[in-house]
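Letters A, B, C and D name the chains as they come in the text, with residue numbers starting at 1 for each one.
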């Protein structure tokens, strides 16, 4: 395969001049692209939690775009939040003739259940965004010949890092909005906050479960923090999406406190965080792991097309972006506020499906994920 | 007028005339269509065919409210007040806004006006702001009547209201009817009590099977005459027991010992013997209905016990009673003994499922067999055994209730007003059946509000007054209504 | 005539859906693998619906199902841990206890059953959330049972026993009578409290079994386990023609037919590849349409 | 005299939250300030408003599962339209109410004309509305800019709440609808023979709940600025259940008093419980358990005290007879 830096470089000025670029790009990628369009249309089942929040909407749009380029038919099942529902979706998608199933496992056991269903039907599958936390299930999945790849993001480290950012600004006492403990990723984030606080000498005054989708509940939680703990200097939030971040900032703004007197570090970006950064409410934000969804999806498509990159399950990881300045936020907002921005060029997408693609190519795309890349991709 | 309910022709070619200042009686067997015609007049539902003329104008009420606005008031057989609301709110149901300014309900005025209306109707004791369920059935019925009268009706329809009332309540209704008559209101009374009809009515219209039969006036209004018109055949006045002997076995079947329900009745003891019909008489409020319920095990006594002699079992709930072959026929048939939206079959086999069990399985064919047999025995008039009970008329419903208890081979019957609201034909059948049961050695405990029924059927009569036993009478030829009444008031 | 149409609508709906999807999915629907999946998917709801039918027949709604399912899984795991069959047994025991709890609150506490159920659902979910946040509860062995044979055995037993109890014993017959007129039932010698309790216990029993099946489908016990079970069961039963107010028109077949309609619709729409955003809309329209033509309005004095 | 009797009637509804607040003050010194109490009182506003809407439905025997989805959809459309067309705060207010009412009418009319149980109608329509929240504006929800949130600040929030209270009290106690709702709720047959159409009253109850859902939109949007699309099938049911819990507590502590006030007390109690749990350091997930236990406790106590009252009044009636 082609050298990954050149692939990335080729993406820099993206869509506008796609046809022109096609011809003078590297051989491998254009060949792959040509192959894909000639090949018979394949069907991939997409079990996806929803397309209404930032990541959900972005990936929904990216995957549909990639599918069009690669001549893939997608069948989406949206809105399943339990393993039983995901399993039902998976079975129905297999019946509908899907040759590959991509999903984010709602809990560890989803890997086992959906994996077994796929194996029985001879259908490839891949996941992203989650570690497989149980040894036994991990072993079973690794032994599953139809399991293509798994990608996870090291939320834990980033969360610790966010605590450090607060600690460096002299913050000693925080309240935490914790994430749903059933969700493996949230558990990592909660743990990252907890360990970070311990390591950097930050005291946790109180915790409250954040409520995704019910902004006023989060407003109430922040109000209660402010009421009960007047010495609170910071708020850690395991997620800011689906109304949580907006709720926090609104509650702070309405509290009558001096902007910046409470510092927020929140995972996930949200509407209005650019302004909140400017006001001084936000000290650290973090986001951008839609890339791993796309990579996992592309690797699955590649395998269904018959290109085997390894006889083992591929394992990759991605570090989410840590954003600590208004400038970075400004760049990131350009992309994240608009799900229709295609961060990855058609060429790059095509280049990631083909007989010559290697595991390193995928990891390279993940490694490339930093604010500089976003800056280039959105064309600043 | 015509009214069909699906395949049922409730009223066919009926003509009725109501005149100012005239009390018209409407009589007929159960299911002859009396309530149906009243419902059409008062806007409950429209006729299938036919027209009405009211004060010279064509009249077709769109709703009950519409009819009411035009001066037609209907006191139904059923309860007409809503529990959980105050008396005053009940008096202004559907007309809450009438005393307020546009769109605003003025509860103060409603309370005040209700108090006035209650006072005008001799109900000073009723407090408008109290919940209506704090009052007894009779008081509630009087509240309803007051509500109807407050609208200055030009036509007043009273459908079997009196059967639910004590003598005091009845007298009050009679007064009201007289007042209305004097005011020039047209009054329509539906009643199965032919003496009452004779006493009250200027004209009597007889219906049979939904068809107009005859109008009787003046001296023709005689119970015997009315009955003949209703049934279409001669019946002898004496459908009660022919003998005047107090006859029953020495063996005690049931012993009621010092039974009390606090606030309702006190310290009641009696014995019921094999083959005995024991009658209990009293005023509505004397507690006799509750006494029967308590004996049966449906109400918890505050003290005392009910013991089945043969095995010493205490009747502490209805399940024990039914297991021990005791039957209970309540006064309020529709609410307390029937499963309306259920087949006749299911109603009949209800109490006797244990008899049909093989292991714990009950087969549909065995149910059917039992129901067919019992329904045929008592001659329930029905389309087939799967017909829903709610489509039957009052008398046939009562037959279904009796069939249910016959199916369980009941050895002791507790009957609360078994012929209430039932026409003479079915009445006669029930009396014959009671006689037969007695001769088979079955014991019957019966409460009745009709003195003639008690005198006519019971071996012994116990009277109650204010929740206590007052007197006991043995069956004899010389027993008269006035003797008994003197013991209960 | 109308009556007959009404009565056959649920079963006719099922047949129409079956034929429709058989014809329009180029054979995908009728593949044995797909039919197998259908059985696996519908089992949880069907099992729970069989027990709930007893409660609905006597005119109560059991709103506890989802929360009670989560609670029984969590407690069963806390009590017996990783031993699968003991866990199943415990799930069922706790399911029955949940049913008893609703019954006692309703009968002795005089709280309307739906409120009792609602509170149980709330509390169950809360308990599950609290426990799950500190503990991971995984029953990997359960996954091995996610197999058609096991599900068919469970379904056949539950449905057969359900039909038997409902149609041929006092338990079912009395529920229907109580649903029609509780006062008359009491005065006909039926111990209303006892039989209502039995209904709740049966509902708890099937709930326990449904909880076991849920764990077989998703072996990790998390607080969201059993989400929407109560509404799925309610919708399935009404699709099957069950009256919301119970009574003598209640039929056990509603549980089976309704659940099948529910899941076949879901399955068929996926096979069609219908845009995911519109699946719920189509489902909802179908519910409304089917219930509108199949409902027997004479069972309701006022439509509740 | 009148004031005294009003206080007497509402004593329990007032005392219950006060007792719990006093308990909270005892546990947590941080809450012993005017601001803290004011913050608590304000947290009860929005849930109470939705509770009033749910009250009409519960009282008349409707099962309305759609009110949560209606609230979300109305908020999203109203917020985005008002901002898109620069309609100002008044625009948000009017749009919230109008849209929510329209959706209430849609559910009401569907019930009225399809004649199927409210439970089925509302679940069906709830699914549809939920889907629409995910489709409309690409599923993006709405996020109000600060100038649209004036009504969430003092004193406006209190004024809005008082207006809502007056509207609720008017419809429940001063308008025909409230009476009809209670009549149909306790005995539809008799209500109908008195010319009160059960079908119409139940329909109107659904529609009026739309009004309160609209008011709830205004209160929550002004407070939290965002409303996101409903995720997952019946994801909006939690909103309905939360509101039902407030109403149930309200009914249980209402006695002969004013139910509108009692529901606010109920809403307050649930919020105090949440803050209390946070103050003593319990995980907030136990909230649900505690609230459920509270509801059960209150319901059992109130049904037993009702029974006692009945027994006593029967005794008196019996003695008088």
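Here, a residue touches a chain if its C-beta (ideal position, glycine included) is under 8 Å from a C-beta of that chain, and two chains touch if they have at least 3 such contacts.
Fair warning: this is a prediction, and the values are worked out from it, not measured in the lab.
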- Note on the structure: Taking each chain's centre as the mean of its CA atoms, the one lying farthest from the centre of subunit C is chain B
- Query: More contacting C-beta pairs: A-C or B-D?
  - Reply: A-C
- Item | Approximate Å spacing (C-alpha centroids) for the pair subunit B, subunit C | 42
- Message: Could you work out how far the Cα centre of subunit A sits from that of subunit B, in whole Å?
- Response: 74
- For subunit A and subunit C, what's the span in angstrom between their mean Cα positions? 36
- Query: Which subunit A residues touch at least two other chains?
  - Reply: 51, 78-79, 81, 209
- Sites on subunit D at which at least two other chains make contact: 134, 189, 192, 232-233, 283, 285
- Check the chains against each other and report every pair that touches. A-C, A-D, B-C, B-D, C-D
- Query: Tell me, which parts of subunit B touch subunit D in their complex?
  - Reply: 44, 63-66, 68, 76, 78-85, 89, 93-94, 96-97, 100, 103-105, 107, 133-136, 262-264, 285, 287, 466-467
- Complex interface listing, subunit D residues touching subunit C: 61-63, 65, 110-111, 114-121, 123-128, 130-132, 134-135, 184, 188-189, 192, 198-199, 202, 232-234, 237, 241, 244-245, 248, 283, 285-293, 295-296, 299-300, 303-304, 307
- Would you tell me which residues of subunit D are touching subunit A in their complex? 28, 30-31, 33, 35-36, 39-40, 43, 46, 133-134, 138-141, 143, 146, 149, 152-153, 220, 223-233, 235, 238-239, 271, 274-275, 278-279, 281, 283-285
- Note on the structure: Residue positions on subunit D within touch of subunit B in the complex are 173-176, 178-180, 182-183, 185-187, 189-196, 310, 313-319, 321
- Along subunit C, where are the residues that touch subunit B in the complex? 164, 167-170, 173, 176-177, 180-181, 183-191, 194, 247-249, 298-299
